[in-house]
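One structure, as structure tokens, below. Some questions next.
Chain nomenclature is as follows: A, B, C and D, assigned in order of appearance, with residue numbering initiated at 1 for each chain independently.
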Amino acid sequence: MSETQAVEEQTDSTDQWDPKIVAFLCNWCSYAGADLAGVSRIQYPHNVRIIRVPCSGRVSPAFLLRALQNGADGVLVSGCHPGDCHYISGNLVARRKFALLKELLNYAGIEPERVQFTWVSASEGGRFATVIEKVVEDVRKLGPNEKLVKTL
Amino acid sequence: MTEKTIARTDLTTLLDRLAEDAAVYIPAQDEAGEAALAEAPLDGDLALDYVNFRLSPKAFFLPQNQTLLCFQDGQVREPEQPDHRKTVLFGVRPCDASAMLALDAVFLEGDKHDPYYASLRDKTVVIALACTHPGPSCFCTSVGGGPGDAAGADVLAVPLENDLLLRAQSPKGEDLLASVSDLLADAAPEAVTQADRRIADAAEQMEAVTTDGSAQWLRENYDADLWQTISQACIECGTCSYLCPTCHCFDITDEIRGGRGRRVRTWDCCAYPLFTLHASGHNPRPSSRERWRQRIMHKFRYAVENHDRLFCVGCGRCIRHCPAGMDLRNVFKHVGA
Amino acid sequence: MTPSEEIEARLRETAEQLLRDKKVDIFLAHGKASLPFRTTPLFITSPEDAERLVWNPFCAMNLAVYLPRLFVRPANAKEAENLEQPTIGMVVKGCEARSVAVLIQEHQIPRDKLVLVGVACGGMADRRKAAAALDGRDPLSVAEDADGNLRVTVAGDQEVALPREDVLAVACTECRRPTPELVDVLIGDGVEGKAADLTRSRTEQFGSQDLDARWAALREALGDCIRCNACRQACPMCYCRECLLDQTTPRWIGAGTDPSDVVIYHLVRAFHLAGRCTECGACTRACPMGIDTRLLIRKLNQDVEDLYGYTPGESTDATGPLSAFAMSDPEDFLTEI
Amino acid sequence: MARNPYLPYPARIEDIVVENDERDLKTFRLAFEDPDDAKAFEYMPGQFAELSLPGMGEAPFGIASAPTEGDHLLFTVKRMGLFTTELHGLEPGAPLGVRGPMGNTFPWDRMAGKDIVIVSGGFAFTTLRSAITYILDPANRADFGSVLVIYGARTPGELLYRDELAEWQQRDDIEVHLTVDKADETWTQHEGVVTFVLDELKPSPDNTLALVCGPPIMIKFTLVSLTQLGFHEDATILSLEMRMKCGIGKCGRCNIGNKYVCTDGPVFTREELRALPVEY
């Protein structure tokens, strides 16, 4: 089953809306952090769909917009903490991109809480769980993404 | 052929009457002061002195997004027609009305009749409005048309001093005039004379370039240097094609999410480098020169060879809106030169 | 002589000399178009043709858009070494010089093959604003007075005076640096730029609406978009061989005018111009639908300036703001827990 | 009411055969869901059809089966882009749409009573398999003279329809020459490009039509050889590949001069192509 199908399945049960979050996690830190949360049996909301990317610097704004257009209610990008990037500075270049994107979407009238960015290291399983809880809670407060989603 | 007149002051009554059982689109001004077809009713008097609408009316027959098929969990079905209600377009300029015949040639002729085009065309009645004040980029008289030559329209309206002359041009047009006959008077011979004179005056105002023999000239000059020099300014946007009333090239793409989706036909344009690009990377029309030539060849040669008509009606939108100030009439200055 | 006539004479002289001395192979400039409020690009290759060059308040097009395609793009480093590139002379306004600078900075064109003839620009007139100011009368010809204001002749030999400031293109009303900096020759005295306040006030005004009102305003602003790609194609910074928005494997956005696709088209286009847009307004001029195509880009460029202290087009060897970073870059946008 | 030309016939994949060692060429055998559709789908060798996958779009493929083989259709597809990758991922039993048949056919009227020379390379052999199968059908064989086939591929493992080729080589009513650019230790047949074989065999142009399908470079050199052998341009038959969308002569993509490859082609004589712009 493709990711979009997985996302869509939840859209269909609209009577009990549950936020769908797509998380782009860098391979070296945040994905490992998510893994650690798993092996440490730290509970976090099931709403998140993880897409592993080599580096937060790999994430193009088009990825996020496409996720939102395809029915995600929120998007999270997480990379290594500054200074820890496997590729030295991928996350720092990404930081500029995300700062601009976040403000651009806000300017365009998209709720800023729908698109979130953070750093989670490989050892921060607990932090990963807390971040997911926050993002899910923020998006739950906003309600379903109706602005950018494409009606098919 | 029925010829009637109606007082200009009664025009809104007529349109209101038509709106009882049809979606009626009438000339309106958008914020930028450009004319557009908008759904009636509008308040106040109808302005009839626009040069032409910013967009051609082709979108009424060839919508920019046309769902061809619907997908649902592996099932494929034809889309339901959203609205069977009759549509009346009032104020279409004669050039644009003629352009419909070009589209008819592509979408209705032959064995591959296009059902989507056909149903929209069928339910639409077009009332053309003759031009009395052509704009500086109008050149219908150069391509076999004229300010009162609205072949393709069901009714031709000609603005007179105080009235409009209404001339039925098709059975649909006859029916329409019959349905509002109580609002109309039989056209007096003077009205017809006045209408003809106004149309002739308008034709006089247009500077003509000759496109006679252009198909033959284009056959002989396929490899001329002219194409290189003339296409240099083209930035390969789709403005000319998208605004053109006869351009009809399209793309078909699928959109799907979770088993639900559609196959959509959208406008496309031969100026785009990707239009003909093969999956192998080979492009049969690799540069602006070939692509720009294709557009001219299609309109002025291939269309003549295949459909015995020019696929250019002289509306001038491509000239008026070209971001690079290009003018396709310049090609024809070379014909016979 | 009016200011423009003076500049025109000097431009012709310069172009002729450059071509005669074989200092350039092509001189890129503006030429006469078929409509009064338009010009069209000229690619002059012989000194005799320099007299076809014009300079007037409608030389608005950003000619830098043609540069990447006038140079051969080498397939690899080895090919680059032995490449015979043409030398290109070109008229540049302030905005064009900045566009050229970005193209050089991004390794799209070679500086040593360019001869840039700068013109201190008094701001270009917007053809649509000028047309709207004529109340439906067609312009027959246009001239300029000693103060740079327009004198338009309309039917009946009437003359209409249009103050330059009233018909300036939007981008020109915001232009902070009308005098080109990256030039080999500068014609005319420096012109003072507009204060940044106006652009700021435009973004602040839009940004001061509440969230849903901003979304509604954006949708409204883009509501007429027909996805013709004119904004992208007119932009000198959009030189990608295959735009992300055209890619089909995978296809990022739909090909039609679904509202979601339209908004995403403009968001992505804007984002790719963040810190690269030289604010020439080519996109807005090119748009056949009169959309404020810089609505989002204005904001992005301001943010780049505020956050990273970078203004596009000021240097040919700076690192672009989105290819660079500082450890101290603000990160207050991050989700904190 | 005419059938909506954009609506594909529902079909199902009956069987899939991997054709080559690289495993990027597969032959799909399709059966129509509705027998009436199979009847309606009347075709002749040389034509093509659009295969359709909901959500993935459509792509045109030459029909590799012959109408003499019954109601099923064969398509041999190379894995190239999104659509073909998706298609290659399907299993027998998977549903699929078929729209067509489209385009013209090989000139069967003109081919009757003539000797036939077929020159082909790579995976462009598909519609020629259709043509050969049609000619070899007992009901048709007598309508044609001799049949000479020269077919080449990069390696022995890249030849399509290897079982059938072997079978044809056993027959005495068709002469099949196979050649590969790079032989392996088991290969006992020709080595080198198809034009070498063609130049060696020197088929007579008298009362003969040549059918040529292959990659552009092969076509280029084959045409040189055919000209030297004395084949008239009108007796040289080619099939064009173009980017297509609608397949019904409207969308404009495959437009070359006043022709649309999808309806006026894909089969053209060399003489007909000469009259068209070289925009293919």
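Heads up, the rule we're going with is that a contact is a pair of C-beta atoms (placed from the backbone, for glycine too) under 8 Å apart; a residue touches a chain by one contact, two chains touch by 3 or more.
Predicted model, so just to flag it, every value in this text is computed and none were measured.
For the pairs C-D and B-D, the count of C-beta pairs in contact is higher at B-D.
Here the spacing of subunit C and subunit D, counted between their Cα centres, is 50 Å. Put simply, the C-alpha centre of subunit B and that of subunit D have 40 angstrom between them. Our note on geometry: subunit A versus subunit D, Cα centroid distance of 49 Å, whole angstroms. The distance from the centre of subunit B to the centre of subunit C, each centre being the mean of the chain's C-alpha atoms, comes to 31 Å. Touching two or more other chains at once are residues 81 of subunit D. The set of subunit A residues touching two or more other chains comprises 150. Within subunit C, contacts with two or more other chains are made by residues 254, 258. The touch graph of these protein chains has some other shape, matching none of line, ring, star or complete.
Listed in rising order, the residues of subunit A touching subunit B in the complex are 4-5, 7-9, 11-12, 70-71, 150, 152.
Subunit B meets subunit A in the complex at residues 255-262. For subunit B in complex with subunit C, the touching residues are 30-34, 49, 54-55, 64-65, 135-137, 229, 232-233, 235-239, 241-243, 251, 253, 255, 264, 266-269, 272, 274, 288, 319-321, 323-327, 329-330.
Subunit D makes touch with subunit C in their complex at residues 81-82. Of all residues in subunit C, only 33-36, 38-41, 43, 61, 65-66, 69, 128, 132, 136, 138-139, 224, 226-230, 232-234, 242, 246, 251, 254-258, 282, 285-286, 288-290 touch subunit B in the complex they form.
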